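Presented sequentially are two complexes of chain A, the first with chain B as partner and the second with chain C.
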Partner chain A sequence: MRFFALAVAIVAAVGALELAAAAALPIPATRLAGGTAAVNACDTDGFTFRHAADTNGRITSVTVGSMASTCAGGTLRVTLANGTTSVGSGTAALPSVGFTGSATVSMSPTPLSSGVTAVYAVVEGP
Partner chain B sequence: MNRRQRLVIAAMVGIMVFATVFAVAASLSITATSLGAGTATVASCDTNGVTTSFETTYSATAAGYQVTTVHVAGIATPGCDGLTMKVTLIGAADASLAERTVTLATPAANPTDLNFTADNVLAASVVKISIVIA
Partner chain C sequence: MVSAFIGAGFTHGGRAVLLAALISLMTSGVGNAATLGISSAYLTAATRLYGAPVMCTLTAVADSYVDSTLATTNFGTGGVLNLNPSSVGTERAFVRFDLTACSPAIPADAIVQTAQVRLTVASLVLATRTIDLRRPVTSWTEVGVTWNTQPAAAGSVTGSASVTAGQAAGTVISWTATSDVQSFVTAAATDFGFRLNDSAEGGLGFVLSFNSREAASGRPQLVVTYVS
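Moving on to the complex of A and B:
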């Protein structure tokens, strides 16, 4: 009787091990990271532009105004265009502290004011 | 036949019956695919997020300032090392404007830069940015 019980126990144990092996199917862990964030404009109501010209009528600088305080610390880029062709551009760093909402950007090259039909500006950052 | 002999015979008969049932069960023909199941943790390779910044340049093609480079900083290392990062610029109505994929270095560069110049995406049209590292 004890022999029979022992045999049954061994068979049951082997079966249990097989079941356990099947249940333990290994799955390699996955690494994943993801997300979406809004890209908010630092200024939502637009800028004002005022240019300075030399005696030859060439635009030497553009002053951009009405920039929101949230643009402080960013980088201001200005491009003068004739049609869609760039005829002058410049960059200015907006201070993080003491930003007044206005910045003057020197142009290079300095196009004739008569040859400028559009001005584009962007603030990167902050 | 004494008691011991009867027990031995009974045990043998029992084992034979069990073995027969087992053999019948084993011979059951089932055409099926193998199946296994398990659960694994989907661990985030970066738990504290990343930051993004943009570079732009004037584009006559886009008639305005377009996104040239997106910098992704703060990528966890070594957690995200060697993984694939996909960055999508999203516009109005959640429309995808452009998408770039890069394999992160080991260790991941800080920042890791993605070049969007060829996509001619106006900076003003970018409303959201989506990043996935997998």
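Moving on to the complex of A and C:
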């Protein structure tokens, strides 16, 4: 059996709207390699959010709009939070073809609307 | 393969800022080499932070009731809203509010925490009943709606409330309408107000009267609490 230890420390220093670089860092065993790398944003002017609630006052879905066409093909993740605590989340695949700039994500679990103080959305490219 | 979401930062107001990196750590499993690489073509994050709840109380801007035995008569200027389950004189009420009158205005991305339609009993309740609140799906006018012209209502009940025999005039009855108001705010549904009807129309029944917006007091209200 082969054992080896690998420790990786990553410092992501992000202070600009967009950082662009590709990274492929060979890591020799028993050594530590660190670096910064970032990817482009597919949208830089913000998203819109629309909520839907059921008759019990629970948020069942969030529609994210105003996404740029360059986000097509990505994965949209939405999290509803109460403070720093996630109270609901969901994921939707953004179609590569026919993307309208809007997508609705079903929430699970469905939090009471009175317990939501923030909504976060992330689009990750393919 | 191990994937790690390294970080994401956000700004207020829904503006997106790229502040994240998705790192895939891939180990070859052969020898003792490993490669660290970026697996995503792009990554974008956005956030919407909500402030303190705001309460908005609206008085009806239109209301009326309709009667199956007076199928072409409009009651929009009357002082009461009648409901009756009777098969020989079914009565339903309609009420509408102007959500744009809330100040500050309710933005489309607001979260409606609660919304309640409140009607005030106009005269002694003679029978215990359940009254359903529904969303009309087409328009109606206060001085035009009649039994024959009443709009259809959504199939699902938005909320129900019970009135109890013996309840006195002045008693306030509330229906939860959070889901409908949320859909009005986002424009997922058009705001044609609400319809109220007995949950078991048919057979015999007593008239149940609520104050209309023409009454001196106890007018229909919509109380909305939202965050934006």
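Note that the second predicted complex is superposed on the first by the 87 of 126 C-alpha atoms of A that agree within 3 Å, B and C clash if a C-alpha of one lies under 4 Å from a C-alpha of the other, contacts with A are read in each partner's own complex, and residues count from 1 in each chain.
Following the convention adopted for this analysis, a contact is a pair of C-beta atoms (placed from the backbone, for glycine too) under 8 Å apart; a residue touches a chain by one contact, two chains touch by 3 or more.
These figures come from a predicted structure and were not determined experimentally.
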(message) Taking the superposition on A as described, I'd like to know which of chain B and chain C A:Thr84 touches: first, second, both or neither.
(response) first
(request) Of the two partners chain B and chain C, indicate the one touching more residues belonging to chain A. (result) C
(message) According to the stated criteria, A:Val39 is in contact with first (chain B), second (chain C), both, or neither; which is it?
(response) both
(message) Under the stated touch criterion, which partner chain does A:Arg50 make contact with: chain B (first), chain C (second), both, or neither?
(response) second
(request) Once the structures are superposed on A, label A:Val122 by its partner contacts, choosing first (chain B), second (chain C), both or neither. (result) both
(request) Identify the partner contact of A:Gly98: answer first if only chain B is touched, second if only chain C is, both if each is, neither if none is. (result) neither
(request) Under the contact definition given at the top, report the residues of chain A touching chain B in one complex and chain C in the other. (result) 4, 8, 22-30, 33, 35-39, 41, 120-122, 124-125
(request) Could you please specify the touching residues of chain A with respect to chain B in the complex? (result) 1, 3-4, 7-8, 11, 22-39, 41, 77, 79, 81, 84-86, 89, 120-122, 124-125
(message) Show me the residue ranges of chain A that touch chain C in the complex, using the header's touch definition.
(response) 4, 6, 8, 10, 12, 14, 17-19, 22-30, 33, 35-55, 57, 59, 63-64, 70-71, 74, 113-114, 116-126
(request) Can you check the complex and tell me which residues of chain B touch chain A? (result) 7-8, 10-11, 14-15, 18, 36-46, 49, 52-58, 60-61, 63-65, 76, 79-80, 83, 90, 123-124, 126-134
(request) Going by the contact rule at the top, pick out the chain C residues touching chain A in the complex. (result) 4, 6-10, 13-23, 25, 27, 31-38, 40-50, 53, 108-109, 111-114, 156-159, 176, 178-179, 182-183, 186, 188, 225, 227
